[in-house]
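Each of the next two complexes has subunit A plus one more chain, namely subunit B in the first and subunit C in the second.
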Partner chain A sequence: MSITAAEWWMIVTAVLACVPCALLGALLVLRRMALLGDAISHAVLPGIVGAFILSATRNPYAMLAGAMVTGLLTAWFTSLFSRYGRVSEDASLGVVFTTMFALGVVMLRFVPRGVDMDPSCVLYGLLEFTGLRMVEPVAGLRVPEAAALLAPVAVVAVLFVTVFFRRIRLISFDPALARSLGISVGLLSAALLTLTAASVVASFQAVGSILVVAMLVTPGATAQLLTTRLWTMLVLSCVLAITAAVGGCLIAIHVDSSAAGWIGVFSGVQFALAAIFSPGQGLLLKRLRALALRVRIEREDLLATMYRREELRTGQRVDLPDTSVDRMPKRRSLITVLARRSLRRGKLLLSRGKEVELTSAGRAAAAELVRRHRLWERFLSDNLALPLDHLHEPAHRLEHFADPERLAPVEGMDVNGAQPHVDPHGRPIPRVERDQPRPNP
Partner chain B sequence: MSPAALDTNVAVEIHDLTVAYDRKPVLWDVDLSIPSGVLCAVIGPNGAGKSTLIKAALGLLSVLSGRVWFFGEELNAVRRRLGYVPQRESVDWDFPVSVRDVVMMGRAGVTGVFGRSRPKDVEVVEQSLRQVGLSEFGDRQIGQLSGGQQQRVFLARALAQEADLYFMDEPFAGVDASTERAIVDVLKALRERGKTVVAVHHDLQTVPEYFDHAVLLNTRLIASGPVNEVFTRENLQRTYGPRLTVLEEAGEAMARAREARPS
Partner chain C sequence: MSADRQNDADACMWDELISLLSMKDATTRTVMLGVGSLGVACGIVGCLTVLRRRALMADAVAHAALPGVCVSYLLLGERELGALLLGAMIFGLIASGLIAAMRGRTTVKDDAIIAVVIGVSFAVGIVLLKSIQNTPGGNKSGLDGFIFGKAASMARAEALTVAAVSAALLVLVFSQFKVIRLVTFDPAFAKALGLRVRLIDLLIISMVCVCTVVGLPAVGALMIVALMIIPAVTARSWTDRLSTMLVLAGAVGGIGAVGGTALSASVRTPDGSSLPVGPTIVLTIAAVCIVSLIVSPRRGVLAGWLRQRRARREMMAERVSERARAGPLAVTTAQETNDPGARP
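== the complex of A and B ==
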């Protein structure tokens, strides 16, 4: 696949549009203001149309100025209404930007004839045509108009966030502390907001409002899933935006369809992958961890059940109604299969024909578990005065997670005295040799 | 200007402070003076304006009327000498910062606009972490801590401010027993070094044990002064109204206070 010069410029422009949006958007995501970007990107329409009507040309700088004005007005009106108008912030945001957008649509009627203005460009942008409108900002350097507009915005955004990183982090995390230290939260917020509006306005001509919104929210949200440090999150957010821009453009060139569309899709896929595979917060790892826990509990239940059966068989205890004895699962599920397999592997369980038996290591591990269970029953009965038929269930849950002997000093439990030799049902509490390393069931 | 306003031994001097949200007054004509070097509890029922008092004093809220002096000076002249511990719920604990980062924020008042930390700042931060027993947790993301540990992070951040006067908004809210002890130890250490602490406090039982000065507030100032003078059944009744449980609690606390300070 060979890439033409025009296509290279498209990729460069896309990257220049995506990076400042992703960087400033990540900060919006953290400050729970993600939708403000959405609002600004829509509210710029009346500004652009107004600049159009007044200047009667497609002067990009006039449009930029007009869009900045209405974009910032949106942010300002929103905070004004939510502060004084007894309207929640999201509702006032919704009211302001839809009204502004609608105003822009109405104003389109007054655009001078002969100037073409296609509302669909507002949505999808003109990324494919960036190579067609070249300007020469510096002698000898011909770059697309969109890139010439975006490059300074991108540079200023990155520099600003880098230089004022600590201040930005402070006012985003705890504005009250910042104010109490005499730091002007309003000034820095306003500067960030202005930069965000500038990025939105500058990018939106090139890539359209949908992609602008995507870039403001998605890379930041994805990065947030992947790290617990703000600096890493911001860098990641930019890296994700760059890869989405390049990847999306390449796909679009290859299949000959909307570049803005593909960048948005690419970014969404990045988010989905992070949501599933993220090491800290990914769904997959959470599921695997939950599965591992269920297998462990099943293993422990199997061992304890085997132990209780042996007790009955060898007559160490009289049979009392105990629901736990026949908890041997009849059905084979993934969990039971995994649990049995790991018990056999760990040489805790032996299969002899159709029967399964505990090995001596298995018996020791099981004794430990049953000991925990019965100590818990003892504790619950003695200290919380639970009736006999209420003991099994809580003890059965506790035995997997909490070792009563470690808690004994805290809870004032007597685990080795005369009392806990039997559980409240009269069953013996197994003794475990303590000088050996504890079997890990 | 009241004469006490010029006294540098008065940590906080509040004159005629009135604050209203919409038209509902939250603080009404509060006159107050807290000497320096005391641990002062601000107590009163829910909605009595306790947090508002602190926020208004620190200039975080707009006030209808009133003036505040710290050590005889206006707020802007003494900001460096003031530390603030907001309520724990006031921030997003999922925010991607480490414990050490948050404590370093306490240095923001002295590290300047770019926030470059000097060796001294790093040292102060480490020392503050040690003082609240969180040295090992410096690199953790703040969301991975328990509620009590989070409260201690805030306390460490305030310590890193190296202030002379600390305002704490419910430092004991929802903390475990060991954190409560750790906070009390820090408060006492601060007092020994001549610092002043003004803390919103909810647990009447522990007022005489932890604090030596008290401000009783219910929109209006009910009483303010040394605990053994103002923490009386009558004042508490005026603050909380005749609510039985509260009075029982207070009665018990007063009995313990008498045991602790035989007159």
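== the complex of A and C ==
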């Protein structure tokens, strides 16, 4: 696959459009203003068309100015609306940006004939044609008009965020503290919003309204799934945007389709992958972690139940009504199967025909668990004065997560003293040899 | 000369507007029936989403409908309206399901997720649309009409379907009114009563999907959400009762849709074509909304301003009278002025 010069320019333009959007969009995502970005990118349409009708030329700076005005008006109208209309922020956003967009579409019909501006170019952008319209800003350097407009915006956006990084971080996470430190939050927010509007407008012409929406929010949200540090998040967001721009353009060239659309799809795929596989927050990993926890709890419950059975069989324990002994799980769910298998693998459980038995290592591990359980019951009864029939449940939960002996000094519990040889029900608390390394259940 | 022509054009426009609104013509009646009932249904369903603070969820559903339409066109290979709308419905439900599944699970907040779904699903839609247009005959598929809508070409059967679906939605909302009201205002209490809140939420979001889908051919994916949100916000500025709000929003939606359609057919642009219907409807309803936000008696801008002025005057008067009383006799009446009961 060979790439022509025009296609190279298309890729460069796409990257130049995506980087400032992704960078400033990540800040919007962080400050819970993602939908405001969406709204601004819809609402710049009447500004662009209005400037176009008034100036009667395709002067990019007039359009930039017009769109900035309507973009900022949207932000202002929205706050006005939610104050006076007393509706929630998102509803007032919805009213303002759909109205502005409708106005823009209607105004498009009043654009004089013979000018290349129509709804589809507004929606999809003109990325495919960037190579056709070249300008020469510096002598000897011919670049596409869109790139010439986008490059300074991208540079300014990156510089602004880098220079004011510490302040931006402060107003994003703790505006009250920022204010008390004498940082003018309003001014910085307004500057960020203006920059956002500027990069939306500049990219709008090249890539269309829809891609702007996708590129403002998606890389930022993806980066937020992958990291918790702001600096990393911003860099990641830009990297994701660049890969999406390049990848989307290459796919579009290859299959002869809309570049703007493919860039959006590409970054959507990035988001989906991050949502599923992200190491910190991925839904898959969270599922697996929860499954592992359930298997561990089931395994421990199995061991403890086996221990209690042995106690009953060997007569070490008086037969008191105990709910947990009969709870040997009959159903073979995935969890119990996994739990039993890991017990057999760890040589804690032996199968003899239909019966299962504890090995000595298993018995020690089970004794540890039952000891925890009964110590907790002791503690709950002695220190919190819970009635006898309310002891089992909390102890049953606590035994998996907290070792009462480790907590003992903190809680003022007397675990090894004379008192707790028996639990509040009168059952013996198993003793564990302390000089040996503890078996890990 | 040109002023005369302008006047003629204006007169022509008014004549046309009036003749459209009087609905003498059968085609006009059909289109108006379809658009009007769509407006009513959207207005009523929109109230539920706005009150539940899910206004922009409807936008995500509407944007997701576009790839749905394209996918079912690609599967079928022809423009079968029912199947296209079924595809839109399925994709809308998938989008809302995805948003619900991500909600609260990660550090990415609701609004960002909704914005991602809006942007990405539209990008998918454009890619699919482009690949349809590249296939032979794909250019005539008319699928791009689903973006901005084409109400003027509404067939009789389509209009009747829209009307029937809207009627069904109305019956559903008003028959389940008490349950919906409870879930809207106090979901925790509704849950405590044993109502299945998630089922009702699913019902509401499905109604949003249905509205989006039946409105798609007429108003388009980008504008349909306005038909739901704006009437609801308008109605909210007039009343605090849910029942009144539903009726008002339905009325605003219906009247706005009919008026907007008539307006779009009668106004001519410089190149002689008519205005796009969806955006004109949105602008009409938005005008109603802005006016009612200004003049509504309790929440309006005007009322707020008057109330503030009255309060300021009362405060001034009170202060003046206090000062007058406390003036020369300040020492003797100090006790009295400190006593709140002694105030006039």
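Everything that follows uses one rule, which is that the second predicted complex is superposed on the first by the 417 of 441 C-alpha atoms of A that agree within 3 Å, B and C clash if a C-alpha of one lies under 4 Å from a C-alpha of the other, contacts with A are read in each partner's own complex, and residues count from 1 in each chain.
The definition used in the following text is that a residue touches a chain if its C-beta (ideal position, glycine included) is under 8 Å from a C-beta of that chain, and two chains touch if they have at least 3 such contacts.
Keep in mind it's a predicted model, so treat the numbers as computed, not measured.
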{"item": "Touched partner set for A:Phe165, first subunit B, second subunit C, both or neither", "value": "first"}
{"item": "Partner chain in contact with A:Leu350 - subunit B first, subunit C second, else both or neither", "value": "neither"}
{"item": "Partner with the higher number of touched subunit A residues, subunit C or subunit B", "value": "C"}
{"item": "First (subunit B), second (subunit C), both or neither touched by A:Phe81", "value": "second"}
{"item": "Touched partner set for A:Leu230, first subunit B, second subunit C, both or neither", "value": "first"}
{"item": "Subunit B versus subunit C as contact partner of A:Ala176, first or second or both or neither", "value": "first"}
{"item": "Footprint overlap on subunit A, comparing subunit B with subunit C", "value": "32, 224, 228"}
{"item": "Residue ranges of subunit A in contact with subunit C within the complex", "value": "29, 32-35, 37-38, 81, 84-88, 90-95, 98-99, 101-103, 105-106, 109-110, 112-113, 119-120, 123-124, 210-211, 213-218, 220-221, 224-225, 228, 255-258, 260-265, 267-268, 271, 275, 278, 281, 283, 286"}
{"item": "List of subunit A residues in touch with subunit B within their complex", "value": "30, 32, 163-167, 169-170, 172-174, 176-183, 224, 227-230, 232-233"}
{"item": "Footprint of subunit A on subunit B - complex, ascending", "value": "55, 58-60, 76, 79, 82, 84, 86, 90-92, 95-98, 101-102, 105-106, 108-109, 111, 113-115, 141, 143, 157, 161"}
{"item": "Interface residues, subunit C side, partner subunit A - complex", "value": "50, 53, 55-56, 59, 101-102, 105-109, 111-116, 118-127, 130-131, 134, 144, 147-148, 222-223, 225-226, 229-230, 232-233, 236-237, 269-271, 273, 275-276, 278-280, 282-283, 286, 289, 293, 299-301, 304"}
